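Paired with subunit B in one complex and with subunit C in the other, subunit A is shared by the two complexes that follow.
Take a look at the complex of A and B:
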């Protein structure tokens, strides 16, 4: 028990100046990038909407990954993750931001989605889908999905914060109760959102796997961002006792597992279409083999799967903080590449055409999510201090 | 008669009487996991290197205290996983593109896409076999006879006792010294156990 007491000296609160410094940098990035985006909107509206959609899909999927993960911890009664759960919860707390940030997508329906054009009514395939794919219903579905996610995210966040003061096991039980229906609702609605926001860019195409594909990518992106945040706080001198080698070893296991799950889902979708060889389905991949887009296939297979899989397989590598930090950044980039490859070939059909707005939109949406996340760390503990499993987590050892 | 012949040949288990290990080691019996851990650490500090602990449940820190190496099982498994992977490619290629060439639905005779599920499955299958059988091998299962059970209180290790054995093969091993040592560490009952 002796080493438990040592943790008492560790602070769970960010230093006020350090907090403000990060907040100010985030605010500055937000200001510059949103102004740049406003200019971009005036210059090239279509490019703006596509760049924005990639960025929005990226951060929305990461925050949904956080929501899924928090619910998973409550459902399984995990002790290992208690000290990093509050960071997940703060990422999850940014879910309702989608209410605001989805508006540019709604605004760009005509630039983005072919089914919203008048010609769609004459298209034999699209005309049959217009009962579902029409603007009003599209926006309503989006808002319903975001409302449901926000309900669970804010509820779980409030329960966890209340436990900070009470330390009561009742809050642990309540969180588990909310998490069970929440997981079902999240998977159904996130599938719907993936179909609407990304898959319907190619309204002739269909894949029942797409929802899982989106969530699997989001989970990888979330875990990569979480590891980056955890290691960042550690390098600034926080959480050094409460997130030890044993804990980030487990985060590394999850990054490995989710990367493998993503590959499993992505390959399943690809292989079935390859096998069926039906023109209604294969054109989606054919389009992504045009010109320089052809490079993205191998980039994703190697960079999003083979490289992280074989590097993170040995135990020692998951406990190597530098390597883990590198892969946190790398998988963040790969998640972006994955979404870029899904969305951008609709606009730039001949080949990859990078645009400064791709970066500006990512920074703009990212800094908005980042500010909400960072606000949750202001004068509030970095770990759920009232969680009954906290002691167990602090003493945790991998066998 | 047969035994005499075998012992002349020096086969394992039938070594000449003189060469046979008479003593397995010395086993002590402790009240709590903390006592056990302390005894292990003291023994290591005293220079003992070959020890084994027995406890009714996994005690955190015992492996480190004993200085046990990490199991090589992971390395065994990856070798077999890669063998399964390679075997699956060979199987798919040889059956489809060499031995029985048949064009199905305009697909190539051999392609990686439909082979991946086979590669995955065979890699998993061989991994599972390697993991289970490798674990058996590393734990020397089945072992039909183990001198540990000659210790009169061995049953305590699956109930509420924490046992520490100092192996007779330990270079520092002297039966009387080891008994005295375990007693001084707080062992409730120390025995020299026959092999």
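Take a look at the complex of A and C:
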């Protein structure tokens, strides 16, 4: 069933040797980086936990971005995105990995979160919120959130895989049915996770926008990684017929739109706190202006917004595969910078202090997510071959 | 709907025009609204709308000659129904630009049957909204000096550019201008159609002048489509910016309940929510009166219900986040204001808001309600009411109990408040009814575009296929 749908000149399956080669490199990276992290844990536990949290937040947000986008495609009945949806689904499939990878965060509660210290009970502000910010509830909320994400991610993945063989429209309907409540659950739990995992690093501080900020950043990170994966496969000779200029042009539009949305959210949050000028809110930004941290603000304004905004605005640039590929890498870096800037000033209050574990943790967590992602491409089609919208997608043209 | 199950392609790309309408059927049907006699219901609606519009002018005249003390505004509630109504009307205006700009960029073809009327609603809603801050100044003939950076010797004043109220002036006037341009550009080919079909010299002259010499040549179409795309791109940030800046009016202050960072996206979602509700309220009526069931199909209406569900959930999410963070902040003023909202003297307004905005749209989870005209009509009215209460709750509850209990008060509207609000309804409806009567309420040329692209055309309509 699956095979006759293939484009005449193109295979939807990765070559076994190529697949193994990538898997082996990922496994090697994983081995080295996790060993290095283990050593780092012994050397500097506090640094380990902070570096690790940045990496975990990065990949968790990217996989949640994938979950959101898969659901969005089902809800809107998108045809243009069918040929890239399986790659999104494989990124989404890595969501349950968080069950395992959140454990170092739980282990590090005392290193990371001031509210877990005994002195918090004496702090008049913190003592008033310890009913929420305490270890037991923190972990329970995290596990419930991950369980719910996993439920929807695995369900949607299974439905899509089943459609590969059946080609039945029933699966399209089922995916849309799961996506509607899934989106609601995702927004509620992911913003809760953002409050817990990142915002509560500064437990005196609060911002109602923070959940949206986290999701917007995750969406940018996800789109950047997706484009990098798509273009990577294309340069290896795969998907060249099914992901044409028209399709990556649309991915470029999304990267542009999400970057702009991120800027809108970030600017609104900053401007309102700056304008209000209340010390109980401004201290969060003030901390991020100390020493060399002050450089991060301009880096984010220019690198995370102005540069991609003006470069990706013209149509021709989004259809320029080299430029788009550059921005896929660049926005991945910027998403990392954004999270780094949110998390790391809590540890290094005087200024930026780069540490080798920042890179090691990113590689460690990233290679773990990468292995799960890559496993999904083994002997399985790169596109949802049974999707009834596939033909429409292959014929798609931007007007 | 049984035939849809036979061909899956029909379910994936449901026809946007039904009843086997041909190109000329589309032109005839839509033009007939303008060319034929107005139905009885139109006259009845006019008979209600025009007196209400006159009531607006009476109330405003009384206000200007007497002073804004005729409103219920007091200290501490310095903003009452005026700003509530301003924000409410501006919000109503958001569906038009969202449908015409954002849905255009997202290639949502179903927008074509509803965008024209929604854009008209945008313009009329903005006009209604602008009345409130203008007359709240008390001396509207001087408002230009307060609001625009005009040199003036008379008043010896310079505008406060740091005030978000001033940003509002720029945001709303830009929005109004671009929306009007977008609407008019879209109208040009259809105005030419009406010109060509005219049977009287007066109609021919008027529609001829309005259609700016449109001949429908390939060059004209090419320029037209480029202009349309550019205007869509320009309008898209405006959909977000206007209501974000309206939210800044509140959020830049230090008032608990106003000063919160989620306000901009939350206000935008609320605006789209209320805008779609108003479109559903009026379009279900227009569809019924003019028999437009084949053009505004159940699929269109169901999609609008889904948008209301989605934006309603976002609004509910924002209410929850605000409430939670008020507690989480451990700031006693924040905590007080939210408890006071739910259980203080305005509890009835708060729970009306929750019932209309959070509970009512939940019915749209079920296809039965999404495809029932009476259900969506009633629910859309609930949402309109709920979104009014939302703004009233935000404004009145945050103001009425100031930091010192000696500065506590309560807002009650006067008959002028009520008359002015009903009056803007009259103005809005009058303008909308005139629009229905004299301009093509559905974009003829755009609907023909989707008729052309229909993948599998039912009932023997010639399918030209998506030949690109």
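Here are some notes:
The criterion applied here is as follows: the second predicted complex is superposed on the first by the 393 of 399 C-alpha atoms of A that agree within 3 Å, B and C clash if a C-alpha of one lies under 4 Å from a C-alpha of the other, contacts with A are read in each partner's own complex, and residues count from 1 in each chain.
Note that a residue touches a chain if its C-beta (ideal position, glycine included) is under 8 Å from a C-beta of that chain, and two chains touch if they have at least 3 such contacts.
Note that this is a predicted model, so its numbers are computed, not measured.
When both complexes are superposed on subunit A, subunit B and subunit C clash.
Contacts of A:315 after superposition: subunit B is touched, whereas subunit C is not reached.
Within the superposed three-chain arrangement, the count of touched residues of subunit A is higher for C, of the candidates subunit B and subunit C. In the superposition on chain A, A:275 makes contact with both subunit B and subunit C.
Contacts of A:397 after superposition on the shared chain: both subunit B and subunit C are touched. In the superposed model, A:188 makes contact with subunit C only, not with subunit B.
In the three-chain superposition model, subunit A touches both subunit B and subunit C at residues 271, 275, 397, 399. The touching residues of subunit A, counted against subunit C in their complex, run 76-77, 79-80, 124-126, 128-129, 132, 169, 172, 180, 184, 187-188, 191, 195, 206-212, 264-265, 268-269, 271-273, 275-276, 278, 280, 388-389, 392, 395, 397, 399.
Residues of subunit C that touch subunit A in their complex: 8-9, 11-13, 106-107, 240, 244, 248, 251-254, 259-265, 313-314, 317-318, 320-322, 325, 327-331, 365, 455, 466, 468. Per the touch definition, subunit B reaches subunit A in the complex via residues 58, 60, 70, 74, 78, 105-107, 113-114, 116-117. Those residues of subunit A that touch subunit B in the complex are listed here as 267, 270-271, 274-275, 277, 313-315, 397, 399.
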